[in-house]
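So that you can tell them apart, the chains are marked A, B, C and D in the order they are listed, and the count of residues begins at 1 in each.
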Amino acid sequence: MSFNLTPAAEGLRTQLFHIIFESDTPAAKGFDIALIVMIMASVGVILLGSVQDVSQEYGWLFYYLEWAFTILFTLELAVRIYCLERPSIYLKSFYGVVDMISILPAWLVLLMPGFHALVIIRILRVLRIFRILRLMEFVGEGRLLIDALKRSFHQVLLFFCSILMVVTMFAALMYTIESPETGFTSIPMSIYWAVVSVTTVGYGDIVPGTAVGKAITVVLMLIGYSIIAVPTGIFSAQVIRSIREDRYSDEACPGCGHDRHEKRARYCLRCGTWLDETTEDPHKEDLQKEP
Amino acid sequence: MSFNLTPAAEGLRTQLFHIIFESDTPAAKGFDIALIVMIMASVGVILLGSVQDVSQEYGWLFYYLEWAFTILFTLELAVRIYCLERPSIYLKSFYGVVDMISILPAWLVLLMPGFHALVIIRILRVLRIFRILRLMEFVGEGRLLIDALKRSFHQVLLFFCSILMVVTMFAALMYTIESPETGFTSIPMSIYWAVVSVTTVGYGDIVPGTAVGKAITVVLMLIGYSIIAVPTGIFSAQVIRSIREDRYSDEACPGCGHDRHEKRARYCLRCGTWLDETTEDPHKEDLQKEP
Amino acid sequence: MSFNLTPAAEGLRTQLFHIIFESDTPAAKGFDIALIVMIMASVGVILLGSVQDVSQEYGWLFYYLEWAFTILFTLELAVRIYCLERPSIYLKSFYGVVDMISILPAWLVLLMPGFHALVIIRILRVLRIFRILRLMEFVGEGRLLIDALKRSFHQVLLFFCSILMVVTMFAALMYTIESPETGFTSIPMSIYWAVVSVTTVGYGDIVPGTAVGKAITVVLMLIGYSIIAVPTGIFSAQVIRSIREDRYSDEACPGCGHDRHEKRARYCLRCGTWLDETTEDPHKEDLQKEP
Amino acid sequence: MSFNLTPAAEGLRTQLFHIIFESDTPAAKGFDIALIVMIMASVGVILLGSVQDVSQEYGWLFYYLEWAFTILFTLELAVRIYCLERPSIYLKSFYGVVDMISILPAWLVLLMPGFHALVIIRILRVLRIFRILRLMEFVGEGRLLIDALKRSFHQVLLFFCSILMVVTMFAALMYTIESPETGFTSIPMSIYWAVVSVTTVGYGDIVPGTAVGKAITVVLMLIGYSIIAVPTGIFSAQVIRSIREDRYSDEACPGCGHDRHEKRARYCLRCGTWLDETTEDPHKEDLQKEP
């Protein structure tokens, strides 16, 4: 917000910004922890409120708690908007949208008691925990994970398309073999059964009734059991690659151009040149004396 | 087709060939996308048509849509045949067979309403999506996958034979221990149960009833839970090997014969020789000045 | 058998030995394939014979087939014994024991019809397929697999002991929480349930009934879902290690003693010495001319 | 215990210490094995004692065995305390606590027959097996495992938080879509169902009843099936890293500073300097003669 503020208000805004958006001072860390606790408590209230016995007994308590959380989260969003230079960009960002869709339905539910269908959207509030997770010490490892996920994305997508095709073929086959009495009433229903089988979930609500159906099921289950190796293999390979590349520095040796040194290396692996160009080689004199 | 054509017809044929079989011009890409949409729509119609409620209501619509899709796919195949030099080779290829078995049953179904058993064959039409997948950007990654699958094939086959033997032994054992009332009515039925258990699917339609049967089941489940590591381990190792070998160039250093340089390497890792023989070493003069 | 034989009989014996125990001549390969087919057919007869409908109809056929297979396998064993120098060692070996326990029960079953409980032992006949597998082209890959299994054995054992302890604790906990009506009638029964859950099989014959029991089950399932990574991780690492070590030659450089060259390497990675001591370095003269 | 003892008593104490706390003499190994057998037997008695049929028949036997085990384990703890210098530190350690909570409830149960709820705590006795496992030959491999678990802990935690969030979202969604009749009576119950599905356990006690619910379930199962790759990938990568780093020595070459030699290396991989500084290079003279 670029309108004029008194220096005191400007100082308060900067301070609030550091507390809310950063996490390197005790106050900022305290704010982060308070926010996590509040988000979890509000989710807990939603979960417990859905249990009939509990909500009949403590319905009035949950009603007041819901009011309290909604007001607190609305205040938090207001302060966030206040201390940002360009709040509109924040509101359009992922976390801004999450903030809004976790507050708006709460107001709707509280003001219009018939709005319980939107109760789910409040669960999106949980997503905000990620914002704090991001600030924690997971950063280094998280980057490796995301890096590996990005690299394996195309291959895993290709793999999923293959699975869906296999599942559709088996589902259509079982639909024609099995009678509707055993649950294979339509091809979409058969697809549900095939996914339940190929993912090794196996609810058992729909099971093959004929001998041929059972033989086909055996093949489908063995396929599911073995192709689970494919995404694991791809992902493992990419994580290992990410870790390995993380261990090597991208800087080349000023002496010989060799460009794959470990980060901890101080001398070039091949020509022995001192790699850290900002400091002096401590052994320089020894080397000069040598010949 | 080697019969004579007017130059105009010949030009049209060449143009059609580029649109249908390649994917590097806007028109060719548009054709690919239209084909994917049409294939998915036709599969969707087959899936929905099998749902009783929907087919009773919209049966007439699906009937006309089926006619439309069949005519369109037949036209597409006709054009494919028209613009190829040797269409007989295409028709004998994997995609040619898929094209034909996805069109022929549709004609049979439409002309002979009693032919619904062949409805499955139409699902094979989905396989044609792979043709476009192949042309997309997955090529590079797909090759790695297929490479790893080929390398691990023998080991995974060996592993599957072992599983089937273990499953047969446990099935025969349970057949003699459990009474037919609990579902173990024959050894093939016991094999079905053993595969359901060892793949961790666990429908629950057949479960052990005796204490001894339950103890044997515990052993079988633990075997299934731990041997899932075997295909994963083999496949992971092969994917990693494929990726690593992909990173290294196969060309040897002209100076020293060292034959394991990374693709990005410009100088030999060991002797410092300029690797790219088609260009000049930019630092050549520096090196000559040095002594 | 060291008793005297005429030269002709001796020649026959040697020829039989090559056909039965080796697999490098067309006759030997034919014998292997015939044996595989016969073993599989005899197992198939046992499987089908256990299905009530089939055995009532074709019981007489299976009876004669069983006689035929038993006589053929007995003959095979007799020929094996005949053409070996020291058959007693073969009979005490793994495959010798398998041969005997796959023939003896068949004779017992055929001569004493009440002996059906031993029907399982005949299944052991399937194990003989491994003998042929061993001779096939899997040898190279199989060695890698067994190597990796041996290396990961101790770690996987340690892991299994941990799982069994976790399972026992959860089972005892659930036994005290859940009522016997939901199936948790004893701690061993609870252990059966816990293994069904932790291995992600999930039959559903015993499921928690109370809210606390369900919460504990959620924890147990998440443990099972994540610790499946442990054997996979260990095994993957060992397979990769086996493959990598397979790629490196164990021979050291005669020039510098460096002992980790790839098998395809011809010059030492470090000192450039010609590695193959049985031949001459083709570039020797170039190197001598150089200075 | 620092009070004065006669030299004979002191000698006995030292000897007992070596037998109980170490495992390098035959007596100490015998004690370890006896302890493992006793622990397993006492756990076996607890398991069998919970089976109604068995406990009705052999209840009196189990009662006396329980007395015997309790007295023996109490004696063992007393001897442990006697031969330690500072037993209070042992009692506060992990194994000391395990010792006490595995003996105290037994006394309570035997003296007060109504104390069966504490029966679980006796199971903690099983944990003591780990103490011996630690002393066995698993040490080397166990360290690698723990090392890999520590390294992957943050990433696996991050992964679990993500799963719990996904599960909560799907549970809330299904709670609003499915009717309470199919078992989705509250969000916590839906979370139980979602975990059963995402971990591929699939009891089948709660299954979706509507078409939309089934479609959502298909998505959830596919998520569960593919994200199992994430912990496996992370863990595999860490195990491989641990194994690799275990193979390399941390000591740098005294000649050139290169710091990544295999443990078996005797000469520097790059400059050929003798690495073992405590001994003399056996080839030193050869090298000096060379020029």
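Basically, a residue touches a chain if its C-beta (ideal position, glycine included) is under 8 Å from a C-beta of that chain, and two chains touch if they have at least 3 such contacts.
Only a predicted model underlies this, so the values are computations on that prediction, with no experimental measurement involved.
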Pair joined by more contacting C-beta pairs (B-D or B-C): B-C
From the options A-C, B-D or A-B, the pair that copies A-D, where over half of the contact pairs coincide: A-B
Inter-centroid spacing, chain D versus chain B (mean Cα positions, whole Å): 41
Distance from chain C to chain B - Cα centre to Cα centre, in angstrom: 29
Residues of chain C whose C-beta touches two or more other chains: 188-189, 191, 200-204, 228, 232, 234, 236, 240, 270
Sites on chain C touched by chain D in the complex: 154-155, 157-159, 161, 165, 168-169, 172-173, 175-176, 185-189, 191, 197, 200-204, 207, 211, 214-215, 217-218, 221-222, 224-226, 228-230, 232-234, 236-237, 240-241, 256-260, 270-271
Chain A-facing residues of chain B, complex: 43, 46-48, 50-52, 117, 119-120, 123-124, 126-127, 129-130, 133, 137-138, 141-142, 144-145, 148, 156, 160, 163, 188-189, 191-192, 195-196, 198-205, 228, 231-232, 234-236, 238-240, 242-243, 262, 264-267, 269-270, 272, 283
Residues of chain C that touch chain A when the two form their complex: 200-204, 232, 236
